[in-house]
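Shared between the two complexes below is subunit A, which pairs with subunit B and subunit C, respectively.
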Partner chain A sequence: MNFKTIITTIAVLGTGITLAACQMDAYQAPNPNGSELWSGYKTATAETRAMQDDDFANPGMPMVDSAAALYNKKDGEANMSCADCHGAVDDPKGGSKGLPMKGVSARYPVYDADTKKPINVELRINKCRTKYQKAKEYKYESDAMLGMTGLIALQSRGIPMMSTADNPSDELNAAWKAGEAFYYERRGQLNMSCKHCHEDHQGELIRAEVLSQGQSNGFPTYRLKWSKLGSLHRRFRGCNGNIRAEPYGYGSDEYLNLETYLAWRGRGLPMEGPSVRK
Partner chain B sequence: MKHTKFMTAAIGLAFVGAFAVNAQAADMPKFTIVNDTIPASLTGKPGDAANGRKVAIDRKKGNCLACHVMPIPEQQFHGHVGPDLHGVAKRYDEATLRMRVVDPKVLNEDTMMPSFFTTGQHRVTKKFEGKTILGAQEVEDVIAYLKTLM
Partner chain C sequence: MANKPRVKLPKSAKAGEIVQIKTLASHDMETGNRKDKKGNKIPRLILNKFSCSFKGEELFGATMHPSVSANPYIAFSITAKESGTYDFTWTDDNGEVTKVSQDMSVS
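After this line comes the complex of A and B, so read on.
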């Protein structure tokens, strides 16, 4: 064994130890979900599940189909389509620029260096529209935005949510912490926090409703109650309203932080969007 | 004539306003906690158990069935989040029941159960800001009803 080999061996070992340390560091926060990670699919009726399982029966899909046309349509002053940069929406290579849609929804929200805040798929779409297409933003809860987020979510079906935002070295860590604080903060006249329903009493009945684990992996979701696809932030607003708390705005910092935190709570859950729920 | 109509409306509004303020003032949460119980009636009057049962069912009032199984057979789908309230009066006396309805967080700071007669929660919607979930007499009515659950 010559000197060079020894140095290389030490370097390799050192890298391994550092990587292992990072790995441990990344999951240092305890799993708050309980023994099982589950989405609302688990407690949905057979009929609702069947709708989600079959894209032809999924009532959220017509909106997604419309978005697929929009995806390929040139728009804005730059006269560019999404496909011009990303390739076909289901192209695993993501066109000539190598920006595939596959896995995006499972990875988001990510850190936006421009705003120094989390950016979710909705805001990312609008950033592309204003920055590259020179087009008008989609309204947050518009059909075009819901269809487009549904179309992008579809490319991540079955891919586990991935978040390392609990890691102090992760750029999203400050947002993760703020989201965690939000999750455990009581609010509204009924004075409840997210954790009271979705952690302490998950799986239990509120009248005829099963309390979910509050996971975000199925969004946008077609809620039969809404008769429409809806965003995660719409659901947050509904939850807040139910406990008589003033909801925050679509795309607000508070909800972006919460979305960042929920992506971490759901890490490992396969993506289901666009899902179907009661 | 227009002027008169306007005056009448203004007087009417002032009257409604004064009434609203009075109603709210009457329901401002005032109670005395003794050893984690509230022995005295919030209104000084006895409760009406029949009305208390209605308040317990009403989804916009007590909505007790959201979380508790209760001897209210005509209503379907009782929640299972909280304890079954059959026989609750055997387990708790009136002063303890009152504490548990008014502000259960005094007994368990981590409970999910709302405090039905407190104000000052974080970020309450405008519609409910400064208001208690139940009025003082409604709390007494619910207590009177719960006392029948032997």
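After this line comes the complex of A and C, so read on.
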């Protein structure tokens, strides 16, 4: 064995040790979701699942149908419709400008260079409305907004959620960190954080309800309790109210950060929106 | 109704074939038992009648009461006999009628 071979052997061994160390690191820091990634679909009753599986029976769909008409309707001072830029909603090429709706919901929230903050689908729709259509914004929880987000979510059915916001070089990293802090921060009179239900006791009963993993892949979701579609921020507000904390506003920075963080936690889960839940 | 009801029936069928029809209306179905924030009763406003008819003859009908949940989904079967337009109507407590028509060809 000459000197060169020894060096190579050491180098190879070294790489092996580093690899092993990496694997150990990965083992020591398990996925915050636990061993399995799952959405509320898993614990829904057979009847609720059947409603979601059949797009016709899905009671959120009439609102989506109305939004499909709005999508093609010319609006605002610019007299433009969504279809003028994006093409037909299910066009994989996204019209002449190449802006398809497919995969949008799976990718969002993204970084908005104008506000230097995350932007979600709802705010993006309003940005399009004011900037390009020169029309009035939709109210956050209005039927038109819920239908439109539902219509866009429908184009991403089955596409896995994606996020690289944990990467320090990602533009969303600051928001991701703030979202993570929010997730683990105790709040409200019950002094609970998101983690206490959705990480520590996921899949267990809280009275008669099964605690979910708190994933965002099914939104907007038709909740039978709400008897209409509802946004993710409405769900956040409900959760915050339940632990007797003061809810933040629709589209607030706190909730945008949390939405960014949840997209990362749920990365890999296929999109289900508009889903049906109890 | 703000949103148009959805109706699903086959585009074509054989004569004598039993076909399934699905309908989904979008409605709050306000029961009349709830109160608003000031404690006043919210008046009842539900869809109280559904009907499927062909050339003026009722094939299937339903009377609904306040315990029917919001956005009523009604599915039923009929025997296909003739080609033509099938009319579906929903009537609410104010007498407002929402009508949807769809064609089915029977061979």
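In this section, the second predicted complex is superposed on the first by the 248 of 278 C-alpha atoms of A that agree within 3 Å, B and C clash if a C-alpha of one lies under 4 Å from a C-alpha of the other, contacts with A are read in each partner's own complex, and residues count from 1 in each chain.
To be clear about the criterion, a contact is a pair of C-beta atoms (placed from the backbone, for glycine too) under 8 Å apart; a residue touches a chain by one contact, two chains touch by 3 or more.
Keep in mind that what you see is a predicted model, and the values were worked out from it rather than measured.
Undergrad: Touching A:Ser169 in the superposition: subunit B (first), subunit C (second), both, neither?
TA: Once the two structures are laid over each other on A, A:Ser169 reaches no partner at all.
Undergrad: Of the two partner chains, subunit B (first) and subunit C (second), which one does A:Asp143 touch, if any: first, second, both, or neither?
TA: second
Undergrad: Quick one: classify A:Ser35 as touching subunit B (first), subunit C (second), both or neither.
TA: Neither: A:Ser35 stays clear of subunit B and subunit C.
Undergrad: In the superposed arrangement, does A:Arg244 touch subunit B (first), subunit C (second), both or neither?
TA: first
Undergrad: Classify the contacts of A:Phe56 with the two partner chains as first (subunit B alone), second (subunit C alone), both, or neither.
TA: So A:Phe56 only meets subunit C here.
Undergrad: Quick check for you: in the superposed arrangement, does A:Asp65 touch first (subunit B), second (subunit C), both or neither?
TA: It touches subunit C, and subunit B stays clear.
Undergrad: Do subunit B and subunit C touch any of the same residues on subunit A, and if so, which?
TA: Shared contact residues on subunit A (touching subunit B in one complex, subunit C in the other): none at all.
Undergrad: Under the stated contact criterion, what part of subunit A meets subunit C in this complex?
TA: Counting only subunit A, the residues touching subunit C are 56-57, 59, 61-63, 65-66, 143, 224, 227-228.
Undergrad: What residues of subunit A sit close enough to touch subunit B in their complex?
TA: Residue positions touching the partner: 185-192, 196-197, 200-201, 204-208, 211, 241, 244-246.
Undergrad: If you look only at subunit C, which of its residues touch subunit A in the complex?
TA: These residues of subunit C touch subunit A: 2-6, 8, 22, 24-26, 28, 69-71, 73.
Undergrad: For a test of understanding, state which residues of subunit B touch subunit A in their complex under the given definition.
TA: Of all residues in subunit B, those touching subunit A are 65-67, 76-81, 105, 112, 114-115, 121-128, 131, 133.
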